[in-house]
Each structure stands twice: as C-alpha cells, then as structure tokens.
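Chain lettering (A, B, C and D) follows the sequence in which the chains are written, and residue indices restart at 1 in each chain.
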Amino acid sequence: MSDLLTLDNIAAGYGEAQVLSGISLNLREGEALALLGRNGTGKTTLINTIVGLTRRRGGAIALAGKDITKLRPDQRALAGIGWVPQERNIFRSLTVEENITAVMTPGPWTVERIFGMFPRLQERRRNMGNQLSGGEQQMLAVGRALALNPRVLLLDEPLEGLAPIIVDELLAALRRIIVEERMSAIIVEQSARKILPLTERAIILDRGAIAHEGPSPELAADAVRLASLLGVAGKPGAEVAH
Amino acid sequence: MTDIALSHRPSPEAQKARAVLLGRSRWGVAEIAFWVIAAACYFLLPTKLSLLSEIAILGLLALSIDLVLGYAGIVTLGQGAFFGVGAYAAGLAAKYGAGSAPWSDPVIGLFIGGGFAALIGFITSFLVLRGSDLTRLMVTLGVALIVDEIVNQTKWLTGGSDGLQGVLPSAVLGIWDFDLYGKTAFIYSMVVLFVLFLLARAIVKSPFGLSLQAIKGNPLRTRAIGMPVNGRLVAIYTIGSFYAGVAGALAAQTTQFASPDYVAFHRSADALLMLVFGGAGHLYGGLLGSIIFRTMQDVLGNITPQYWQFWLGATLVALVLFVRGGILGLLSGLRDRMKRKGDAA
Amino acid sequence: MLTILFDGVAYGMLLFILAVGLCVTLGLMNFINLAHGAFAMAGGYLTITLMQQAGVPFLLCLPAAFIFAAALGLLLERTLYRHLYDKTHLDQVLFSIGLVFMSMAMIDYAYGANQQIVNLPDYLTGRLNFLGASIGVYRLFVIVICSLLVIGLQLILTQTRFGSRLRAAVDDGRVARGMGIDVTRIFAVTFAVGSGLAGLGGALGTGIISFDPTFPLKYMIYFLIVISVGGTTTITGPFLAAILLGVADVAGKYYVPAVGGFIIYTIMVLVLILRPQGLFARGPAR
Amino acid sequence: MSAKILLESRQLVKRFGGILATDHVDFTLPEGARHALIGPNGAGKTTFVNLLSGVLTPTSGEIFLDGVNVTGWSARRRAHAGMARTFQINQLFADLTPLETLVLTISERENAGWSWFRPVGSRADFVDEGMALLRQLGIEDIAHGRVGVLAYGKQRLLEIAVALAQKPKVLLLDEPAAGVPEHEREQILDVVAALPDNVALILIEHDMHLVFRFAKSISVLVNGGLFMEGTPEEVASDPRVRKVYLGEEEVNV
C-alpha cells in the first residue's frame, strides 16, 4: 500500500505560540491511525495543521503524492481532506440535510448513503443544525465530512462528551466506515481503549512531538505501558518498570 | 519627588532604567523646533494669520481625537459634536453676555465652551464603555447626529441653518482686541493650543496616560491587574470632549460665527483624517495632519472644490492601504530601521 | 393615514434593497463598508444619464443599473476591498469614507451639486384610490418590484446550494473553509450582488428620493440604522427594520417634522446600548 | 492543616443554559499551597478559574478570599484584594516595554494609577521594584524592548512577572509553559519553582511532568465536579483517574 498522507518535519502553532515541532508521519492508503495523548499535547493542533488552519513554521505536507503545503484550507478539503472538528461546528442556520449538501462533492458517498449510515439524521433532516443533540451533531459532523468524499478522514475527538449509548452507536458507524469501507483515517481520542481496536497504528504525542509510534493491538494489550505513555500513571521517570 | 525610597539605594541598573523611562518625557530638538517655527509664523507669514489660526484650532480638535483614539483606543466618528457644543456655548456666551463682562471675555468663553462639551462628553462617555469598535463608531456618530439635529431644530437659540450671528467677543482678558488682520486671533489660538498641548503631553507621559495605552492594548489584562478601566475611559473621553469644546469655542470666537457646519459629520471625519494623516498616538500627529490637510485644501481647493475632495479621498484610501500609522508612523518606522541597522553594524 | 403608511412601506422596502448588501457582507466578513451608498448613487446617476441623455426606457435602466453597480462592486472588491478584510474597523471606516469622498467629488464634477430629477414614464405617474386612500402608482410599482426581490433573495438564500454555502460561511467561516467552501469567492459574489442591488435600489429610488452628490453620506446613516436595528444574521431582521424605519421616517416628517430625525437617531443609539455585547454579536452562544 | 485558608469556594455552581459547567465545588487553598488543577478536556477547569478570578459570576455558591466573601466582586476588585492570574494565551500590552508594563502594574497596586502630572518613572521605588522583578525572571536585558516583538517564551515570563508585580496572595497560573519552545521551557519551570513561599499557587496544567514536579496537592475536575483530591502519589495511583483519562469502561489494571 502506498503512502496517502505524509507529514515531513512539521512545525506549527497559533500566532507566536509554537505547539508542534518536528512531526513526521505517514498514513498509508486504507490505514487508520490513532492519535493519542493527554490534552494539551498538540493533537488538535496537528489535525488543524493538516486542515490548514494553523500557522506553519516549517515542514511539508503531501496528500497522495501531491504537495498540499501551500494550499488554502478549502483547496485542501477539495483535494481530499475530510475534517470532523473537535467542537463539531455544525452550521447552525442550515438544516441537517443542507449541512451535508452544502459541502457535497461527487463520489461514492451520497446523501442517501450518509443517511443510511446515520438513520437518526434521516429522521431529523429538516431540523436546523442548532436543534440537534450532541450525539446527533457529532454524527452530522462525520456525515458532513464524508459528503466531501475525502481521501482521508480526520476525526478530532469524535466521542468526547457523549452518552455511552451514543458512543456505542457512533463507534459502530466508525467501524463500518473505517474497517469495512477501508476509509483512511486519523482519529484523535482521549478514550484510547475505545479507539485502539479500530486502528492499525497508534501515535502518542507529548509536548508537541511524537513520543511513541507502534501497532495499535500491541498498545491495547499492554495497559500499563499505555497508561505510562499517556502520562497518567506514576511519576514520570519512576515509571515503566515493567 | 523621590522622597519615598530613601531607605535603600536603587541598584545602578534601576537608576539607568529610570533614566530611560524619564528620558521619554524629555523635550527633543525636533519638538522645540516645531514650536519655535509655529511661533515664528507670526512674522514669516503675516498674510496667512487667519489660516494659521484655523490650522491651530483644527490641530486642537485633532489632538482631542488623539487623546481619545490614539491613546485610549476609543474609536469615534462624533468628535465634531463636542466641537459644535463648545462653539455654540462660547458663541452664545459672547452674544448674550456682550457688554456684561466678564461673561463675554473670550477666556471665560473657552471655559464655558469646554465645560459644556465636557459635560456632554461625560454623560455620553458611558455609551462608549462597552461594545466593539463598530458599536462605538455608530454610537458616537449617533450622538453627533442628535446634536446636529438639535442645533438645526432649535432655531430660536442657535439660528438654525443660518448659523449663530452676532458673536462679538470682547477683548482677550480685557486687553487685546480681535483685529481685522487676525493677529490677536493667531496669538490667542496659538497660546491656547500650546497650553493645552503641554497639558496633554503631561497626561500621556504620566502613569494615567500609560494606563490608557495599556487599556487600548489589552482591556482584559488591565482589569486583571486591578485597573479601573471604565473610570479611566470616562476620564479621557471627558477630557477629550473638553479639548474639542475649547477648539470649538476658539473657532466661534475667532470667526465670530457658529454654524451647523461645525457639528456636521464632515467635521468629525475631517478631524479624524488629519489625525490619521499625521499619525495617531504621537501627540504631534493631529497638529502635523492639520497643517498638511489645511494646506492641501487651500491649494487643491483653489482649483476646484471637487478636486480637493477627490484627492482627500484618494489620499485616505492610499494611507490605509500603504502607510499604516500616518506620517509620524512612517518616520518612526524609518528611524527604528536605521537604528537597527546601526546596531547591526 | 393609510397613504402615509403606504408611502412609508414603499420607502422602507427601497431602503431594504439599498441596504441588504451591506447587511450580508457585514455579517459574512465583519467588514464595514460605509461606501455602500456610493454604489446606490452609481445606479441612480446611471439611470438619470441613460434616460436623459440616451432616452433609454426607464424599465431597461433598472437591470442596467444593477449590472453596472455589480460590476463596479466586483472590480473594487477584487482590487481594493480585499486588502482590508484583516484590518481594523477603523481602517475599514477610513478607507470607505475615502471612497465616499472620491465618489462624491466625481459625481459633483460630472453632474454638479444640484438635485437631479427624473421624468418617470407616464404609466408610472398618477395616483390610484384604494380604500379611500390616495396611492401613488410609482410607489405601488416600487413595492411590487421590491417584494419580488425580497422573495427572490429569500428563495436564493434558503433554496439554493449557493445560499446554503453562503449561510454556512456566515455561520462559521473558518470551518466552512475547512469544508471546501471558498469563502473568499462567495464573498466576492455576494459583494457584487449586494452592490448591484444597491445600484438597482438607486435606480428605483430616482422616482422617490432626490439625488445629489451627498447621497452616499446622507444615506449611510439610514443603512447603519437598518443594520443596528435589524442585525446581520438574517435578512428578515433588516427587512423589518427597514420597513419600520421607512414608516417612521415618512410619518415623522409628516406629523412631527421638528423631532423626526432626532427620534430615529435616538432609537439607533438606544438599540446599540441595550445590546451590550455590541449589536453584531450573535446572541448568547449556544 | 493549620495554615490559614486563603481561597475557598463553597458549593460553587455555574450553569450555561442546561449545562452544569461547575458542579457544587467545595475547594480550599491554604497559605503556601502548591496546588494543581487537572482534568480532561471540557472538565470545567477554565470555567472554575474564571469564577475564582471574577471573569464569570457564579450561578450559586460563594467564594472567599482571605476570609472575605468576594462572590459579588468584579475581577478588578479581586485583583486589588490579592488575586492574580496569568492567562493561557498571553495577555500583554504589545506597545509597551516590559519595564513599563511592570511599573504600570505596580502603580495600580499602589493606587497611583490616576497620577497624571508626573511622568512615568518619577517614582524611583516603582522602577526599582520593576527592575528587580525582571532580574528575578532573568529578562532584565529586554526591559526596554517592545513587548509585541519579544520571543514567545520571554512573553510567557513577563506574563508571570506581571502577576507577581501585583504582590498576590493567590496566584493562578494557567498553563505557564504552553506553546513555549523546548529551549525556553526550563527557564519558565525554574521561575515557577522559585515563586515566593507565602503565595498560594494554583497551577492549571495538562503537562503531568510539570504537575508532578511542582504540585504538593492535586484536584481532578471531571464534568464540572471535583472528582478527587489528594497528593500527587494518591492521584497518580488512583485507578479511577486513569479510567477517566483513558476512557476505559472498566478498571482493568
């Protein structure tokens, strides 16, 4: 499988603040990557950098062999970057259906297929974006990104703040999109346990740099190691005794 | 003045740092030269004295906007309202106080004009405390329009669109009469401008002035360090209104006339333009701007009035697009660059 | 009474067409364009010129004014305005006042400072009697045209893909960009259409309001009132505000000429103050 | 604990519409505290800090600063009473110099901010104190540069210096090292380590290395409520905390 998305030595931040430094990673066609780390380590900044919304201070990004470093966000979206923002950011004066059709580009993902994936959205297709529950907003955010018929899907904390039932429903949908449809994806999550089974590889960020990279199953199997890498167990330096 | 900290001697670094801070309020050569030349104009351009008085008055109006906008960051499109209030208040005092000294004395008139404007400024200052630049623009514009409307509708008092006739101020301090050649008017305007300029200079170099610049830079942080932001804004807006009112009073006294033109939108806009021409936040920006503005108007306006208006607009557009910070901004940018070059060498 | 109401509605609708472009572009790019009235003036003077110099029929002048003002808007947006989106409101105000001055000077130079009068075609003059009220045919015409435009705008905004993309961009420009929507282009088109509508409004206005070179300044205030009272997030808000303003202005000038202007400005200031976060903030967030 | 309580919140609640952003938080901060506030995204840390510092008004509950009920006080008044904070995103005066910024802050503290006739710098004691602070933070050499053009790390240091210039009783540090390049980071950590003992410190931080390095006590906020409190060791070894951070269904360690 060939490289779909390549980041080469990316440094980026907002305004004067530099959040990321020296990030290099690659995503293969059809691969799903978990992007883990505590909050504040730069996960969202990395996603926003791929989308084109941060100030880049160095490095290059390529999508399917094409350099997209200099492209504007809207050009990147059309080039195949599908983005599910952290805050969902549903267009609130658009109906559910309009949220999808407004950004639609031709491709395998049609309105019908998206509604098929999320029957709840079908029921609420005439509702305005600001009348949805958190879970419905999240589904719509995923559906909206799919409507772009992207080459890669970037999901920024898709499970955050959702009720357990909704989380299960969304995870099932993500499994279908990623595992069955072979959609390439990068998933940012704090709930590492939930997302690792969906992905093949995992990357852990710490202080804006990559602290660990490896196969997801391996990480999922080693709870102690995972906890220590995420920095939630024991004092750093005193850990990883196993 | 340094009686507080005698118990311990500040470090040499602190003394040096203090010298640097105090050095910012020392008079520079260029500054002294500016005022010497201004005074010398009395002899150099004896035929242009009334134009020069007008420039001084416009400069004072622009200075009032500089205090409010350039230092405290309050965007205003309505400074003409206070100019007008000052003009009418002083004009009416001169008209109805005629003969009954001291009410018709111009200096008293200045205080009446400035005082009324400051009162209106104080009351309306609460309207500009909150809100974005855009809200402030529209509120100040709205206030100016209301004043304009009042001036036009209270014909019995202001003379309506015909203007206030019969403004005959008596001699300045009972000594110097206004003459046909505008000699008294020029000296009078220049002295008032200089005195108010000195005051403004003291204000902006003081801790109070510094706090205004801080508010302009970051209101959130100024509140977090315990600064009474609203109080400071009310204070400077009122002071700015006073300045504009005094400028209006000067205008009414030296031209012996006041008209709705004084409160019209273009008065506020022109003064703002002068400030932007010269450079906001430099104290001298408004003065320099008024000189350039009025000279350009004189030269270009003589060709056709439309010509002047067109080039005024074009200059403004060019200024916003290419020269941020006006002439003084440009100069200080150049100076910084040269300094940096000097440091690098 | 009914006559005044009717005149007021006609005037209000005209104000809406004149101002709607400004409302949308302000909401979309947070850009304050005080020179919006200049595009209306362009449309008005084009109509005057075409009718008086070239004898073009009035009804043809309307689309011509739209196209002319829209083209002018597009040209200026692409060459000048786009450099100002990330500048402060003060800069935008100074810049657009500069444009206002230039436009006023050019019109003054070309046409003189006099008020221009247009001779409307016969079928648009005269009055009708309706429920005892005397109604000007031309005002009826203005109401019909403006109503059609309002309905058309509403349909474009709610029923077309362009409309939904425009609303998306107004809702959240940053995310809209991330979703492949070229906000810059949408803005250029919206700006052009808004200018065009102002031009059309200017053409329609030749029969109701007098045109002289101070037009952009005089009407700037009205536009600002429409925006401050109506807001920028919908077009129904400005529409209602414009109708209210039109009726209040006409009725005020008729019944209480002394305080008419005073009341309108006071309302504007009050509205601005009573909405403390600034009028253009969109209510409490979510 | 016998130390004086400097900051206290009682049953503090903040609602945004239907959302309970702060959920009946009882919190005490003794003199000399080194306390960290942690929690996952959206846990309500920022809301809580904004309530404490007076940026937001609570829906219900009370806040005491040094024994005085300050619930209804503005941010400005609380600042005067000894509450200082730094901001997650630098909030500085770009056009002033660092020294001017500090002299200004000291003037406000000493109620000399209204002084309008003498130039800035005429109070030698203020300048001296400002310079001493700059020296303490190691940014003496940039005392007269324009703040807006300083390196980000220096600005972060100045951010702390401004808060210290307020001579606070309670200091809230909101992610002091966030966004700072690695080479400037140590400098900031040293400054945090050297903060005066009498100041009660609250550190809002994601970076656990930093938390474990400085904090003597930790509060974990989850969904607006106080999830647990304890020493760093207690928090680190608590399986529930791990669960919250990893999003695990069950504790399986």
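One rule holds in what follows: a contact is a pair of C-beta atoms (placed from the backbone, for glycine too) under 8 Å apart; a residue touches a chain by one contact, two chains touch by 3 or more.
From a predicted model like this one, the values you see are computed outputs, not experimental measurements.
Q: Looking at B-D and A-C, which pair shares more C-beta contacts?
A: B-D
Q: Taking each chain's centre as the mean of its C-alpha atoms, give the chain farthest from subunit C.
A: That would be chain D.
Q: Provide the C-alpha centroid distance between subunit B and subunit D, rounded to the nearest whole angstrom.
A: 41
Q: Quick one: report the Å distance separating subunit C from subunit D, using the average Cα coordinate of each chain.
A: Those two chain centres are 49 Å apart.
Q: Using CA atom averages as chain centres, what separation in Å is found between subunit A and subunit B?
A: Chain centroid spacing, subunit A to subunit B, equals 55 Å.
Q: Taking the mean of the CA coordinates per chain, how far is subunit A from subunit C in Å?
A: The answer is 43 Å.
Q: Would you please write down the residue numbers of subunit A that are in contact with two or more other chains?
A: As it turns out, subunit A has no residue touching two or more other chains.
Q: Where in subunit B do residues touch two or more of the other chains?
A: Correct list: empty.
Q: Where in subunit D do residues touch two or more other chains at once?
A: none
Q: So in the complex, the part of subunit A that touches subunit C is made up of which residues?
A: Subunit A reaches subunit C through residues 51-53, 72-74, 77-78, 83, 85, 89, 91-94, 98-99, 101-103, 105, 129-130, 144-145, 148.
Q: Sort out for me which residues of subunit B touch subunit D in the complex.
A: That would be residues 1-2, 4-5, 10-11, 13-15, 17-18, 20-22, 24-25, 202-203, 205-211, 213-214, 216-218, 220-221, 223-229, 232 of subunit B.
Q: Under the definition above, what is the set of subunit A residues touching subunit D in their complex?
A: 13-14, 16-19, 21, 38-41, 157, 159-161, 189-194, 207, 223-224, 226-227, 230-236
Q: Across the complex, what residues on subunit D touch subunit A?
A: Subunit D reaches subunit A through residues 40-42, 89-90, 152, 155, 175, 178-182, 205-209, 212, 232-233, 236-237, 241-242, 245-249, 252-253.
Q: For the complex, which residues does subunit B have touching subunit C?
A: Listed in rising order, the residues of subunit B that touch subunit C are 69, 75, 77, 127, 130-135, 137-139, 141-143, 145-146, 149-150, 153, 265-266, 269, 272-273, 276, 304-310, 312-317, 319-321, 324.
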